[in-house]
Amino acid sequence: MIELQGVWKTFSVGPVKVPALSDVSFRVTRGEFVVLTGPSGAGKTTLLRLLYREDVPSEGEISVLGQELNSARRREVAALRRSIGIVFQDSKLLPGRTVYENIAFVLRVTGTQRSEITARVFDALRAVGLSARAQAYPAQLSQGEAQRAALARAIVRRPTLLLADEPTGNIDDAMAAEIHDVIKDIWVSGTTVLFATHQARLATLLKRRTLVLEGGRLVKDQG
Amino acid sequence: MIELQGVWKTFSVGPVKVPALSDVSFRVTRGEFVVLTGPSGAGKTTLLRLLYREDVPSEGEISVLGQELNSARRREVAALRRSIGIVFQDSKLLPGRTVYENIAFVLRVTGTQRSEITARVFDALRAVGLSARAQAYPAQLSQGEAQRAALARAIVRRPTLLLADEPTGNIDDAMAAEIHDVIKDIWVSGTTVLFATHQARLATLLKRRTLVLEGGRLVKDQG
Amino acid sequence: MLGFLIAEALRDLRRAGRVALSAMLLITLALAALGAFWTLTSNLGDAVAKWRDRVRVIVYLKSEPDPASVPALLARVQAVPGVASATYVGRTQALASLKRVLGKDATVVDHLGANPLSASIEIAPAASASASPEAARAMLARLAEFPEAEEVAGSADWVERLSEWQRLLAFVGLGIGGVLALAAILTVTTATTLVLHARRQETEIMRLVGAPEFVIRLPLLLQGMLQGLVGAVVAVGLLVGAWRLGAPHFEPLIELTLGLPQLTFMPPVQLAALVVTGTLLGGLGGWLARAGR
Amino acid sequence: MLGFLIAEALRDLRRAGRVALSAMLLITLALAALGAFWTLTSNLGDAVAKWRDRVRVIVYLKSEPDPASVPALLARVQAVPGVASATYVGRTQALASLKRVLGKDATVVDHLGANPLSASIEIAPAASASASPEAARAMLARLAEFPEAEEVAGSADWVERLSEWQRLLAFVGLGIGGVLALAAILTVTTATTLVLHARRQETEIMRLVGAPEFVIRLPLLLQGMLQGLVGAVVAVGLLVGAWRLGAPHFEPLIELTLGLPQLTFMPPVQLAALVVTGTLLGGLGGWLARAGR
């Protein structure tokens, strides 16, 4: 499902080299629920970006859903991404569209039948408890609501793989527990989940396999 | 210092009325450290926006630092804001400028002597533990680093009042504890602090006066 | 799907608002100026052609030839390269036309004892002779060599003058064309950058969720084409309107100054070409958007 | 502080990149066209003035007057409103000039028994008489009433023609002026919107931290002025360059076609006015940015 072999990622900021990932290797098999944790700046977001090929490793091999990423062509990358649901840490909601339109947009541009769209969008909104705010624009949402809308957008296509980057970072504990339930439901229905969070406590709470990054190194893989 | 009298704030989203704040009244005196907490969507950000007059209440009176906000003219609002440091929930760092430039920008546009700027910016960066990333652009920061940069920008002018909206939302617990220490230091040096967070646990941890919002109502004021 | 893509294109236009309007108006201006220049050039070309037709070279003959030998003489003159047609003007005819020319002073003719004028041959030069001063000089030299010719009036001057006029026209055309091309390129570039900027976030999300390439690009293309189309249609409307209003007012003036009895407007085919040009121009801008990143 | 504000303005320009360049180039084009039109109009105006000076009205006299009475007659003619100057042309003089006009056909004059021409007075009309067909007709009528006059040659035609030319010039000027004004307004609006968009986040932060109003607005203003200034200077450079290169080439042609021996360029004051106009135009765009939100 996911396989990393000796992955390094180094950023250059002027003359300074920032090592964001150092020699990371691991495998995730179909149907797993993996928590990726580590302090701020550990490299969690960087790792996820490599998995959906928004960036390429400085060194090492990555394959996702059987697709070798280093050699992937544009068309293959697009096909891969259609099977992945992503919750971005910075939500990336389109400010000019309502919550409903933001989620429908993803279905539209990937070719979903028009007749199905409304039902699927509202299923996703119900799952994250946001149906009442469907007509609100992103600027009219609290940050927690925005994160839930972003989660709804990620799951609306029932992806094979869900990459969630801090989906509960701005949410109070009660709400976060609900979101964890939503993600667990998706996992139960067969989606592989990679859940990134800086809240080490959460990893314990979820009682799942946990990968711990620290300063770009994979220091622990347990569960 | 801060005084709210029967403040209501209602948003209209199409035909729907969203009551974000309902009949909120409280006072904060000079030198206090107040934690504002409540679940996602409770109205914390809305309340802070009213305090720096980015929005006006639908009903009720607010005065901050002796300035009556409903009747304030543009010039008075600008003067008021120069005495307030704000950490925005969405950081609002300028993407085209480095961390250093982002913080220096605030000093520049409010008329600080050129010779003082470098020293003050680095003081602030040191306080939040980010001196090493001074030359990085916001896109090159992890979200936690971005939040610390935003905090540095808020404190660089040594404000009379600090309004912090989830300054530790994306930061791991160890780093968060450090940030709390930074904010406490600023408070000790005489700045009044209003600290908004959805982490109820944090309110307990900080052992300060706590205001609890729920669905726009002030349900608890203790400490 | 196409319905969605067109809706997206329209949404972009609405969002870009005043700037989209500016781009459309600039396309309108560029095309309207292009059309106006086109009309102007073709009418000036007509005027030049007409002046060229009026140019005459006169060969004065040493003596009035025998009427029977005139056709043979005309045939020999017509054989000279560069001569389009030749007309014989007898001495009596010459006096009559002098009288017409003199007008008020025509009385002098009535006081003449004998007819002092020579017979002549009036020659209309062919286009080949007007094409260059060298060709014209060659023709004049050949005519002067005729044994019957006393003198040849008409010089290379008129050709010089015509070719100067044409140079002027070509220069003005080049200048206006260059400026318009620049303006059009700028318009397209500006519009492109704006469209791109307005769609930046949409494009990012589309790429991140794996939308096919044509879905990402088509709204940009359609929107550009729409802007171009609207601009071009408005430009054609302006041109037709200006023509309807202006032509009846200007025709007498143009006849007076340029001697052109009637102005011609662009044929429908050219108007259609203008619309197609505008649409393609806009579409190009939209398509380029990706490269412009 | 000013240094910082100018640095901010330059930063905006760099960031807006291609679009800022477009705005500058559009300002350049608009001002260059304005300058070219200005030069053209003033030279055409000179040509029209020259043609007007060449217009003559001729009063033919019934008989050749006594040389002693000529000055008195001329004085009376000069008293007619609309007459700028009057010259007496005797019969001998008239025959001599006819000979000059006839050229090749001048031999007819030598065959004449007696001089059949009349004496005449040549009149240069004043500007007041050329100003309107009515004034010209009034002058001609007054001249025809002279007892010595047999006939007055010259009609209201030439005035008509001149006023048509002037109408044409005014119309072309209006058209070009209108198009340029539109283009300039569009440029400014577009640039404004872009600048505003580019600075959106800066402006928001400045307001939120309580920066004084002038700090928020001045970079926009400076940046617009800078764009306008650069555009205007380039336009002036283009005009001067085109003039240097083009004028020596065109002067003979213009003399041939319009009879104007020498072209005049815009004086430095007008060039300076162009630069100021550009700067103000750009500054206006920058200043408007706030209103445009």
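Going by the order they are written in, the chains are A, B, C and D; count residues from 1 in each one.
The definition used in the following text is that a contact is a pair of C-beta atoms (placed from the backbone, for glycine too) under 8 Å apart; a residue touches a chain by one contact, two chains touch by 3 or more.
Note that the structure is a prediction, hence the values are computed from the model and not measured.
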Farthest chain relative to subunit B (centres taken as mean CA coordinates): C
Computed distance of Cα centres, subunit C from subunit B, in Å: 69
Inter-centroid spacing, subunit D versus subunit C (mean Cα positions, whole Å): 24
Distance between the centres, which are taken as Cα means, of subunit B and subunit A, whole angstrom: 29
Touch-based graph of the chains, sorted into line, ring, star, complete or other: ring
Set of all touching chain pairs, with the criterion as stated earlier: A-B, A-C, B-D, C-D
Subunit C partner contacts - residues on subunit D that touch it in the complex: 18-19, 22-23, 25-26, 29, 33, 60, 98, 104-105, 107-114, 116-117, 151, 153, 161, 164-165, 167-168, 179, 182-183, 186, 189-190, 193-194, 197, 250, 253, 256-257, 292
Partner subunit A, residues of subunit B touching it in the complex: 11, 13-14, 16, 18, 38-42, 45, 89-90, 133, 135-137, 140, 142-145, 166, 169-175, 198-201
Touch list for subunit A against partner subunit C, complex: 52, 54, 74-75, 77-84, 86, 88, 92, 94-96, 105-106, 108-111, 157
Subunit D to subunit B touching residues, read off their complex: 1, 4, 15, 201-202, 204-213, 215-216
